[in-house]
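Multiple structures follow.
Shared between the two complexes below is subunit A, which has subunit B as its partner in the first and subunit C in the second.
Let's turn to the complex of A and B:
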């Protein structure tokens, strides 16, 4: 019987799956205080974005404060963050700005990630002349004066789409900004992807997969990509914060989307009134700060968690 | 009108809780498909205007119209309105945009902007105002020599405007500026209704006999040849260099005094004029100013090859270059086809005289890119004695000599003209005009002592409480301007009305239907709120394009246009739109 107990115990031990890369990473991440703080801040912003229609005290475009001669009023019970120069309730605009910020950050990095992964992945895996060509292309995009190009294209695009079905796309101007940020945001991802794919393609488990007859797409998608993801997630998380900041800058330069509610635009319209109604500038600045900080801390935490040198 | 439309109130009154998640739903107009789409271009160079522009677009959208607003630079708006031939925005022209406007003379001359004879590209009626009653009233106004018929005609113009609202006049701004407290002589300003610094009259206390001063202007100029522009950003730069035949004595009295002309005689019927010019005046090049310069200036504007936007009104005034001639070295004789108020109050008082000896050697197609117009680089001018003068920008007879522009610093440099024909009281001998963008930036520059004054486009009204008297002296001026939303009056809906339901049903009532739509726009504008909340109270609600402090303003006739969305929707209903 003792032997049966022994077998049973051994069997139990065998059914305990070894913790995977993600689980180990999560365990390490939980011990990282700044990373958890970042996750908390990002979760908070995501929550605000999801619940924005329910928690915003006023309608998104409600300018009743102006109609009632109450714009630029200080914080009060009716307007906890005050009202701005346009007669908007600042808290409402901050709340409604959260989905815009996240849409910009996530949308931008979706575009950038797909491009970066494709270009970097092919470059790293195939190597040779393809690597040379793609990396020179990457360097070309890295040295472009991104903001000048974005401002010019936003303006040009705004003219080109007039009278075409494209302009029925909601928030077209913002969508254009997101696409452009994505189109110019892929090089860092491509570089990391290239390095990871290059490193992983010669690893033993990939060789093993190749030996058992795995197809190239299997190797790429089931073996290399999942193992490259931890490094990519870090750079993507960093990029989200950076994209949010970029959109705020574009809006701050007066090239934003008049239809969209953006923290950058809120700042643009109110920064000149900093001494008169500071709440209208401080609130969007703080929102941008919290969100970007959140994503950056999250990225740092992920970096530490998935860096194998960290124990 | 009390408006309190919180989300909770909205839910309470409509019960449409589900729609709350859509966000921004707050107007009945959103419940149905929009009646039509219009594009509104909002110039992106001034946050205050962007704010009321955005507000205007949102207010119009509350009437059930899909307003596509965009923030664009003037470089996008200008070609669309000038070369668009009145086409709608989607076809390369424009639908609506916002601007601040004024007449180029103290005496209002609406003819140049709103007469059907002044369509672009050679005129400034960019809006295509084409109304027989407005045309008739303007023609009567221009032709009236006596005060009573003149006032009757201009009142008729205003009444007709009020009734059909060709554009929405939002408000009449009061100009607010801050100056260096050590600066005196600044109040002696006037260059047509454009605010004008007149730096030759400035004295900076404790700065000695050769002081320098700087003036901030928001927008960089586009053209620096007077016949190409009446815009403030251009006039701020070229103004100190040139003179007019007559000039305004001061802003308070708005009286005319001789400048390059010393006097004139006019015939009984107002058609024959003999203008005597000042002797001994010299251009900055040293060449003598004569009657040939005046004749050359007017002929150049009449020459379509130069594509001056003043060409159309000049044609209306003179008909042809044969109408004027130099009848002496210092005498110009003019025979007008008919008397017109535009000649005395606009041509003689507001149009700068340009140098024949400089410009006759520049081909019309080369002038816009020439350093005379750009102030970039130097060029040689051959004088009558065979010598050459090296010019750095415009060459005029004015109190300031252009030293060109410092592009690195966005600055135009001037030195005081030692041979100016008039004694000027100031101690400033070097003058800088610098382009600074942003009201906070300009106040910071003033506080740091980098500038001494600025133009009123900065709209610092909301910031006056932050200005300490130790570094900024706040001054306010009656601006003689207005802010408007203008519409392309060839647009098939709010221009001609042929595509409105009423216009389609009865084409003879199309224009009436378009006027209803524009009336609706006008009643959707919360003018009082714009003045109080965005312009910080510096201004007054608008009605018609006439400075509201001008004697010509028909105050008894022009009642404030009520902000009421219900009235606005009633007008839309009259045009055939069903809510």
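Let's turn to the complex of A and C:
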């Protein structure tokens, strides 16, 4: 009896629609412990970011601790991570730093992905001299000392906008950082996009699409792009982490956005007093670490899930 | 294609690359605006006459192309200009501060290479064992630890709590430790080098371990095993050599990354290196220093990339040269 059930169960399974690329990837990803840990860390940061006004114990700019506890007071019940040099509650500032970090990571990768996909996609699909030119361009951007250039531009731009209408744009400094990070962050995406577009354009299903008269944009957007996505998602996840780290370093050096609450900025304000109030430096560093680790592990898990051969 | 031909081609490409970098850097800094106006934005109350004089002196009344040619021509002759703030030749400033940077960066890479080799060999010889998993997990964790976090922890533990190492600077302000300038300098280097080593080791170990694991599957390794060579000789004599080739490229990338993030490293340890010089130059809008340091870093990156490309070809004859 049991064996018949088994056969019929298997029989019905066979007539089911085959699982898609993403479902297969997810099935493999779920069994990957490090990948799931990464997903957990990332989800945690995202949750904190979404719920930040609800879970932060104090208002974002509440400096009332100055009155009762004083600035730089150690961890206590009222201030679990202590207070910082300016009398802010460190936990509150950390919680409000999460949306900033995610905005930086996602914004940067949005800019970088559009550029990288355009450049890499054209390069891989068209080939020939277009490919040659674009790959040289990519190589060129890889050699550029990006971080150093970004520091200079952020600072100089911050000076020149004083007195112009641009000054009134909210979070102007942060926007500049995100745009620059994106502008310089596309080469890894372009490289992967090129390789994938090159591989996919000579596949049989693309040939078939061409035979039934699919337009070029149809082939590119509906046939090639979705199949290139898994590899791209891995680089994008890695890129989000490194963008967050870059913004933290820019802010740590004192070139961050004074309007935004960011972990790097918190570190910048408190690093000089590391000896007196180590908690105010350790807490933001840990937040950066957890977020970057989360995205790195997520990327690792994704690459294992989508390219199971490479190990 | 001959090796010399290949080298010449890479050389020409490198020159184009540097030309491109110089155009971009110059354009970016110029796109931001007139340097004198920017300087004045933070120092109001300077007479129009002084402004005109400065404009004429720095050639700011000339079109951008003329100024670029002037600047690039001077660069080619080794003239990086004079710092606006310190009134010292930029080249002199860069060499003295740059030496301090190399003093921690080079040991940081060399020690990391040795450590990573040892760890990767240990892990790859016992693939999928607990040791392997431990090495991989700690390397993964280490790679995600931001460098400045490691630096902060090192300072907290070894400087503030245990009081063993100094927390800032490259030399003691007053009398050197133990009366010896050499020991004093070495003692100050320990924490920054440790931080750089930590970061580099994590990245290199991951790469080398996966290379080694790949290579140990090759037929020539099986042949070596079949001939009865001891495992140690197989790894060090045969497999490791091949595993090191991709590491070479990565080393040049790592060197670039380390140079690029030198401002952070040197801020954490208040280290008087070129990164620290750069941050100060940016804060004080010292144009010649900003341009000079950016170009110097670009030149170093391009030279290192070129050298790795050449070394790559010389080491591995299988690589196709076109």
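A few remarks follow.
What we mean here is this: the second predicted complex is superposed on the first by the 290 of 311 C-alpha atoms of A that agree within 3 Å, B and C clash if a C-alpha of one lies under 4 Å from a C-alpha of the other, contacts with A are read in each partner's own complex, and residues count from 1 in each chain.
We take it that a contact is a pair of C-beta atoms (placed from the backbone, for glycine too) under 8 Å apart; a residue touches a chain by one contact, two chains touch by 3 or more.
This is a predicted model, so every value here is computed, not measured.
Look at subunit A after the overlay: subunit B and subunit C clash there. When the shared chain is aligned, subunit B comes close enough to touch A:167, but subunit C does not.
Once the two complexes are overlaid on the shared chain, A:275 sits against subunit B and subunit C alike. Contacts of A:285 after superposition on the shared chain: subunit C is touched, whereas subunit B is not. In the superposed model, A:143 lies in contact with subunit C only, and not with subunit B. In the superposed model, A:25 makes contact with neither subunit B nor subunit C. By the touch criterion defined above, A:116 lies against neither subunit B nor subunit C after alignment on the C-alpha atoms of chain A. By the touch criterion defined above, A:56 reaches subunit B but does not reach subunit C. Shared-chain residue A:82: touches no atom of subunit B or subunit C. Contacts of A:188 after superposition on the shared chain: neither subunit B nor subunit C is touched.
With chain A as the common frame, the single stretch of subunit B that clashes into subunit C is 74-82; none of the other options in 38-46, 74-82 or 488-496 do.
According to the touch criterion, the shared surface of subunit A, contacted by subunit B in one complex and subunit C in the other, consists of residues 155, 159, 162-163, 254-255, 271, 274-275. Residue ranges on subunit B touching subunit A, taken from their complex, read 1-8, 10, 20-26, 39, 42, 44-45, 47, 50-51, 54-55, 57-58, 68-73, 76, 89-91, 438-440, 462-463, 465-466, 526, 529, 532-534. Looking at the complex, you find that subunit C touches subunit A at residues 13, 17, 20-21, 24-25, 28-29, 32-33, 37-38, 41-42, 140-141, 143-146, 148-149, 152-153, 155-156, 160, 167, 256, 259-261, 263-264, 267-268, 278-279, 282-283, 285, 290, 293-294, 297-298, 301-302, 305. Those residues of subunit A lying in contact with subunit C across their complex are 34, 136, 139-140, 143-149, 151-153, 155-157, 159-160, 162-163, 241, 245, 248-249, 252-255, 267, 271, 274-275, 278, 281-282, 285-286, 288-289, 292-293, 296-297, 300. Within the complex formed with subunit B, the residues of subunit A that make contact are 52-54, 56-64, 66-69, 71-72, 85-87, 96, 155, 158-159, 162-163, 167, 173, 254-256, 258-259, 268-269, 271-276.
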